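These notes concern the structure reproduced below.
Order as written gives the chain letters A, B, C, D and E; numbering starts at 1 within each chain.
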Amino acid sequence: MAVTETSVSIAPVATVAGMRAAQIRHRLMLWVPAGFVIALMAVCFIGPFVLPLPAPIGGDILNSSLPPGAPGHLLGTDASGNDILSRLIYGGRSSLIVAITVNAVGLAIGGLIGAISAYAGGVTDAIIMRALDVLIAFPSLVLIIVIAQGLGPSLSTTILALIAFSVPAVARLSRSAALQVTSMPFIQAAQLSGSPAWRVLLRHIAPNIAPQLLNFLALGMGIIIVTEGALSFLGLGIPVPDPSWGNMIFDGQQALSATPLQVLWPSLALLLTVLAFNLLGENVRDEMSTR
Amino acid sequence: MNVVETEVGVEAPVGMAPSGASGSGKEPRPILEVNDLRVTFSRAGAPPLHAVNGLSYSVRSGRTLAIIGESGSGKSVSVRALMGLLPPSAFVTGSATLSDTELIGMNEKALRQIRGNDIAMVFQDPARSLNPTMSVGKQIGEAVRMHLQIGRKEVAERAVELLKLVRLPAAEHRYHEYPHQLSGGMRQRVMIAIALAANPKLLIADEATTALDVTTQAQIMELLVDLQERLGTAVIMISHDLALAASYADDVLVMYAGKIVERADTKTLFRHVRHPYTKALLEAIPQLGVPSHTSLKTIAGEPPDLSALPVGCAFRARCPRAVDICAIKEPPLDEHEPGHRFACWNPHPASGDKDTGIPIDIRTRDEDLS
Amino acid sequence: SPPTSPSAAGADAGTPQRGGAITVLLDAGFAGGWATGLDPATSNTVGANLSQMSAIYGGLFVLNADKDGKNGRIEPTQAESFKYSSDGLTLTIKLRSGMTFSDGTPVNADAVLWNWVRDLDSGSTSAPTNVLLARNMKPKISSELKQSILDALPAGYDPVKVEQDMGAIVPVDDLTVEVHFSAVNATFINGLPGTNLNWLASPTAYKKLGAAAFKVTPVGAGPFTIASNTMSQKLALERNPHYFKSGLPYLDKLTFQSVTGDQVAYQTLQAGQADAIEGLSTVSLITKAQSNPDLQVTLIPPTSPYVIQLNTRMAPFDNIKAREAIYYATDWAAINKGVFNGNGEPSESFTASAGLFYTPKVPGYRTFDLAKAKALVQELGGLKIVLNTISTGVAPVVVTALQTQWKKAGIDVELKTQALGDLISTFISGQWQSFLQTAGAWDPATGIGVGVRFGSTSPFSGTPLPKGAANAKDALKQRLTTHLDDLLASAAGTLDVAKRGDLYKQVAQIISDEAYAPFGFAFSPAEIVRKGVHGPGLTTPIPAVAVNTGILYDQVWVSKK
Amino acid sequence: MTSSALIPVVRSEERTSLLGRVAGSPLVRLAVRRLLVSVLIVFAITAIVFALLEATSGDIARKQAGMSASEEQVAALRHQMGLDTPPVVRYFSWLGAVFRGDFGHSLISGQPISTLLAERLPVTIELVVLAFVVSLAVAVPIAVLAAHKPGGIFDRIVMVISMTLLALPNYVLALLLVIVFSVMLRMLPAIGYAPLDQGVIPNLISVTMPVLALSIPLFAFYTRFLRGDLVEVMNSEDYVETARSKGAGPWRVLWQHAFRNSSFGMLTIVGLNVGGLVGGTVIIEQIFAMPGLGVTLLQGALAGDSPVVLVCVIIFAAIAVGANLVVDLMYAVLDPRIRYGSH
Amino acid sequence: MTDTDQMTLSTTATRLEPLLSVRNLVQEFVSRGPGGVKTGVVHAVSDVSLDLMSGETLGIVGETGSGKTTLARSIIQLDRPQSGEVIFEGQNLVGMSKRRLKQARANIQMVYQDPFGSLNPRWRIQDVVEEPLLGYTRMKSAARRERVRELLDMVGLNPDVYLRRRPMELSGGQAQRVAIARAIALNPKIIICDEAISSLDVLIQAQIINLFEKLRAELGLSYLFIAHNLATVKQVSDRVAVMYLGRIVEVGPSEQIYNAPLHPYTRALLDSVPGLDPETGVAHRPVAQEGETPSPLDPPSGCRFRTRCPFAQDICAEVNPALIEHRPGHLAACHFPLDDPDGVAAALK
């Protein structure tokens, strides 16, 4: 934001009022997406208990593929006669659980591994990185098929498969960011201050690589949800009839020409979510910026 | 994307014949005039911090203005404001004209023409101000390229030349090195080389020599003096080394809590110190002639919190000469004597009679450089 | 909108015209996959690749039907006629005279022998099972022919069996072949179009090309020859000028392109990049295509109804009450209406209208009755089951609907959808409770017909094992059978059609009485062409041989614009 | 030109010293060492893949045979596929053959794998290379443009567009592209691949949509990621100010200073994606009916065709390891502090 | 070599064991050109020996790039030295295991030349100063917080104002003071100040110096005080060492070094000091010295200063002058030391 805001703020009109306006704008930028994310979570996680929704599964087969606005079905029904709105909300829950879990585990394990690797350097670094190379170079397709065949599709295997991709990715990214941080003098200063490795990692390196990881993870939210749907192509993914945005999109696209709306709704939900998470991520990052 | 460059004035590269600019003796018109400059930092969740509060001064071509003063009094911020290099949280008001061009509020594009070309700056913290992933030669070369339309090879040659100019040993070799491979003083000299790359009209040296040993410092200062003489460069030097300021500046400006507390030409200021803060500064300087471990004379207390400036004089709490009015009204920066301004209700007595030493005319020395 | 009447579509076709080229889209997961090549002796996907096979080889026999799809029957094509001996143990097949392979070599009785021994002894899974050839005859053929056959067999063949097979298949004269059986095989000819025996390849060309190349560019005597073949991707064919039916084929060029998924196929057709889709099964796209004026939809007359196989060898379906509960809890009519727009055809046994021995009603068949289902479930103290099915096509929707219906009866259902390969593994493991499948074929004894689904020793069956057998292998070894097995065997061994029909009625009755598997309704995929493409099987319905239709590509033509 | 003219006359000690210096370069040493390790990694992966396939794919012959095959037929097939030898023996005989330069034959089709590769590898390579070239070529300038004025109109528009594209799975995108460009506009073929020997133009036309479908999500991701990083660097690094103070324009600052720094994260991501994408082409290859290696691997893995799978795995793993190796070397080239690392 | 060692040891005047003694310390950096090809070796610190007694302040002055920072970093083992010994309380820090080093470091703290770089930009001042307390003490959180306030107060920063700031919101001098507060937090035995106060205004400099003096008097701290401002160095130091191109060229009691330098380089340094008489306000502008500093990549043979030395003779190019005690406790490495103390003193005036 440096370029614009500086040139704006330099304008002699800058007053306390102007300053306040800027601050308020700044707050809004943070709270609008944050509000959306909170609302989204609330709808998806609490909604099923409080909203008068029909069940997302077990719809009446005789009422299948109803158009939007059909009585009792705001967005219509799908090929099995399930209420699409209800599936969107329940599906959002699964999708968010998948995305958040994968991101959280990816960040916690991958982020840590990468930072440790960069900080420790030497043999430890080499061993960790080569181990990650094995994971990264392991063809994802084979891994998915093996997991699908070995464990069968379910919410947890989906999460497992996605974590298997996310951890090494975050680890590498984290390492690359941490490598730059570890060369800073304040890391040495911390060592002189007797900070043990874990504190250097968690308190010095982590916050300094956080912006980049955050950037990545916010983007990752959408990708994970989308990928979860793509896994259905390969026999994994959240199994029918349980909804998730990913498998709703996947199911819908199988007859896209006939049922475009069944792709549109979950895609829209996904888009709004991705947007909100990214705006939020971006603004949290701005907030974390050192200036 | 190429930067369109406008030639501002005729500028000869360093080391060539002077372009007939002002030498010593004349009284050229101010190149930079700063008027009521104010900078406030405002970050969500923190009270606004008033770093610079109404700064006014001018600098003339070929002259040197020294800004001295308390650490944290807004010296760096005030000069960064001139170049439009403050973070987004900074709100700048007031005016600063460079040869009749208003700098404050100028758009980024126009500012770019000014930066480096007309004003160059040596940053206080060379370690952070150099790009860690670019060789120093390239970084100097970049500054050269911004102002001269010359080929790659010439740029490199010029960069090496500049490195030699700032007395960096093994310049050809250092050209390829990265900032982390240099010592503190070397980095600082790289920063100076960058600033000199374009023969600016105004050079701002923010503690440009603190990391240099005195011999190198003297060499660099001579280099600047030479530049001034040949090209009429105006210099703003920010320094905590009062002796250095006294030795090389024409005018001195003392800052405290974002304000000027005293301002005069060098001779006058150091010989007729009126403001108690300036006096305190002078008395705190360690002296070579004094035995080791003699306790230094300091004044108690701390500088005020810039986000909650007190009413009245900001220095009052620490001032040995404070009187009642100091707590009520802010002393104006008046020209109490010709060319000597200070902001104090109860200044030290004028001490014209106590004139003992022979003033050094800093323009009379003719030292050959290189 | 109601489906375009197939007979109407066929009626306004006009006179066929020579020339033109068409591209036909096949589903990569089924007909569009020919990973093991197109040599009938070594291909494991002959049953799926009927279109490619008939285009390249023509075929000894084809399954044809009237223009309205009725009266499905086996017709000799390269064969002129066939005849069973009165004891049913000798089959005489006469070939048409004057036929040549596209490399110019003659199609004769020796070629049949050469092909059939290879087909039966190369380890191909496309060979018919239970051929029951006579095992005591010495081959009476030239050593040259014998050597040529042996050279064309893969390493590790069983020499004893090869010798026996060479003895049982006797080239009587240049155009006559006798097949000697050890027991009556009534389904041999009916099953032929779905197996590799139907497709005659040129022995000379094989010798010239070698085994590997022959899988890619085999030579037959069919209406087309191969221009290029990217395995499981694209097969480009050209008119065979020496095709034995004069004036045929109509087309100059025929290309098979495999695509993944019905949506892709539909789009590609819409984009004008293809002229026909074989076997589109997504109901909503079929409906969409039916309302598209540029397209013509032909529903394949169904031969295989949906069935829920219940595994009687495992809890809970080892208890007939649990099986009955499933019968009563299932409302097929609703599923037919909701999922298939009512286009499905109800059946209470393993047959459908286009197949042989169609038996829509079975006396005492348990139909939808929620109250009874509830009562049974209550009696059982609840019912929790796993329902498996294939992950493609419409099956996931059907099982979802079943889950919902059964839930109403108090049955808890966990759904498990799998890819075909995994599904087979699951079957073989025996560790499954229920499967939604299709059962049957044009002749129920062939293909994935009644024997595969209900014979006690089939790995794909859940009917009770013979008494005293620990598992299917054991039963096979000890030659133990159940009553159902015996009925199925004698049905397969009976030439008399009426008698066979009777036997199948009994089979259907047992299945119904014992509640082994509730049958739903039969629904087959559709053939979709752009307007202007005509052909038997494509725009006029022909029943599926086993799963898909053998389209008669030599008679497919396009109207010039 | 005679051959002797090609050999520069270098005094022997000069040559060795030059060679010695280059070989002594830590970058070269690092590259060589890592290359050796990479080969080991690739083969470690093949061993793992083989073991996993063995463990999970069940009775391959039975699966291959389908439902109507009899037990004897399946047994014959099993023998024909060579599945009646122990897995360890099979793996090592395969490995030995590979080291002799023989990739072996497919279990399923019996075709030599080398012909399969010759036919399919170019397709996937072309898709992947073009997808990266296109996505990076578009994403980098757009990210820089957006970072130029964060919060500006362009930035916002780019954000909404890239987010939309990011929320759109590439398989849906592929279908939409076909509907628009093939069905509605009839501009591009809906399916199929024209090999290069049919001419460059037909080839490019045939890969246009697959490449778009692959590169658009990448583009969206890269744009957002790079833009975010650039803004971060522009906001928090002092040397950016130094560059500004030299009079360097915002573009120059972005390219020369911020971009170089942000390129670390970018490089990492690209390196990761290269590995991911070679397998990730499978869905796109399927939708556009491209005879690519992704489909080959998928079919092979589903059928338990281990020789085919292993060879695909070698290729994919080598590409992924190679990409990450290049990325690591690039770090060292781009950041001298890492190259000479003092910690 | 041993010559020098004994000399240095014997000149420490007292029989006390030195708190810290550095022996023959060598630190070199490989310099690389484009592509990482080795192009030379920077002789940053070449065979440096020195002692630091308990309660003593040793000032180190010298040319920029002469290896002062490198020396400091090598002592504290931030860069492991090439060779040599660093004996602290009888233990050699060189080659010591990380864990034991950590213990030793509690007693040797350092203030960096580059204040911002040494402060984590995302931390609040409170956390920065608290860090060593967390690392080395078992103080309760309340006690720690109290101590932090006390420390900030000591370095002249109002805790109420600065506790919650982040480094970027500080001026250069404020950042430097935060670094000092962190260094003294543990009451270490030795503080190494690398230009620790050069970016402070003189009033605060004076405050900090007084603070240092106070800590020295009360707690017996020792300092290694690296600075360019000779007056400041003199103010704080008992002894001063002068470095030139990786070597110590002169070391001795500060009064003597300043009043009667033996080495021509020391003399040149003193001549370059700008002066200002606080009483009269008269400034003294130094004479810029001639000549270029040689490259540390290829230091001159023999005496490294010879290329700039007005008194250089042939022998200077051949023999590296040993650091010899010329006066009690006053050593210089010069073949032709300036032996006229009066002359030097006069030149100063």
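Just a few scattered comments:
Quick note on the criterion: a contact is a pair of C-beta atoms (placed from the backbone, for glycine too) under 8 Å apart; a residue touches a chain by one contact, two chains touch by 3 or more.
Since the structure is predicted, the reported quantities are computational estimates derived from the model, not experimental observations.
Fewest steps needed to get from subunit A to subunit E, stepping only to touching chains, is 1. Among the remaining chains, those touching subunit A as well as subunit B are D, E. Taking the CA centroid of subunit B as reference, the farthest chain centroid is that of C.
Ranked by number of C-beta pairs in contact, the top chain pair is B-E. Inter-chain centre distance (subunit B to subunit C, centres taken as mean C-alpha positions): 91 Å. Inter-chain centre distance (subunit B to subunit D, centres taken as mean C-alpha positions): 53 Å. Distance between subunit B and subunit E, defined via averaged C-alpha coordinates, is recorded as 27 Å. Residue positions of subunit E touching 2 or more other chains: 114, 117, 121, 168. In subunit D, 57-58, 175, 179, 235-236, 250, 261, 286, 302, 335, 337, 340, 342 are the positions where the chain touches two or more neighbouring chains simultaneously.
Touching of two or more other chains is recorded for residues 261, 263, 267, 270, 419, 422 of subunit C. Those residues of subunit B lying in contact with subunit A across their complex are 40, 42, 44, 48, 81, 84, 86-95, 104-108, 127, 132, 180. The touching residues of subunit D, when paired with subunit C in their complex, are 57-59, 62-71, 73-74, 76-77, 79-80, 106, 108-112, 119, 175, 178-179, 182-183, 186, 189-192, 286-287, 289, 291, 299, 302-304.
Contacts from subunit C toward subunit A in the complex involve residues 261-263, 266-267, 270, 282, 284-285, 287-288, 334-335, 337-339, 391, 396-397, 399-401, 403-405, 407, 415-419, 422.
Within the complex formed with subunit E, the residues of subunit B that make contact are 41, 43, 49, 68-73, 75-77, 87, 124-125, 127-128, 167, 169-170, 173, 176-177, 181-186, 188-189, 207, 210-219, 221-222, 240-244, 246-248, 266-267, 269-273, 280-299, 302, 305, 307, 354-360, 362, 365, 367, 369. On the subunit A side of its complex with subunit D, the touching residues are 1-5, 121, 129-130, 133-134, 136-142, 145-146, 149-150, 165, 168-169, 172-173, 176-177, 179-180, 182-183, 187, 211-212, 215-216, 219, 222-223, 226, 229-230, 233-234, 246, 249-250, 253, 256-257, 263, 267, 270-271, 273-275, 278, 281-282, 285-286, 289-291.
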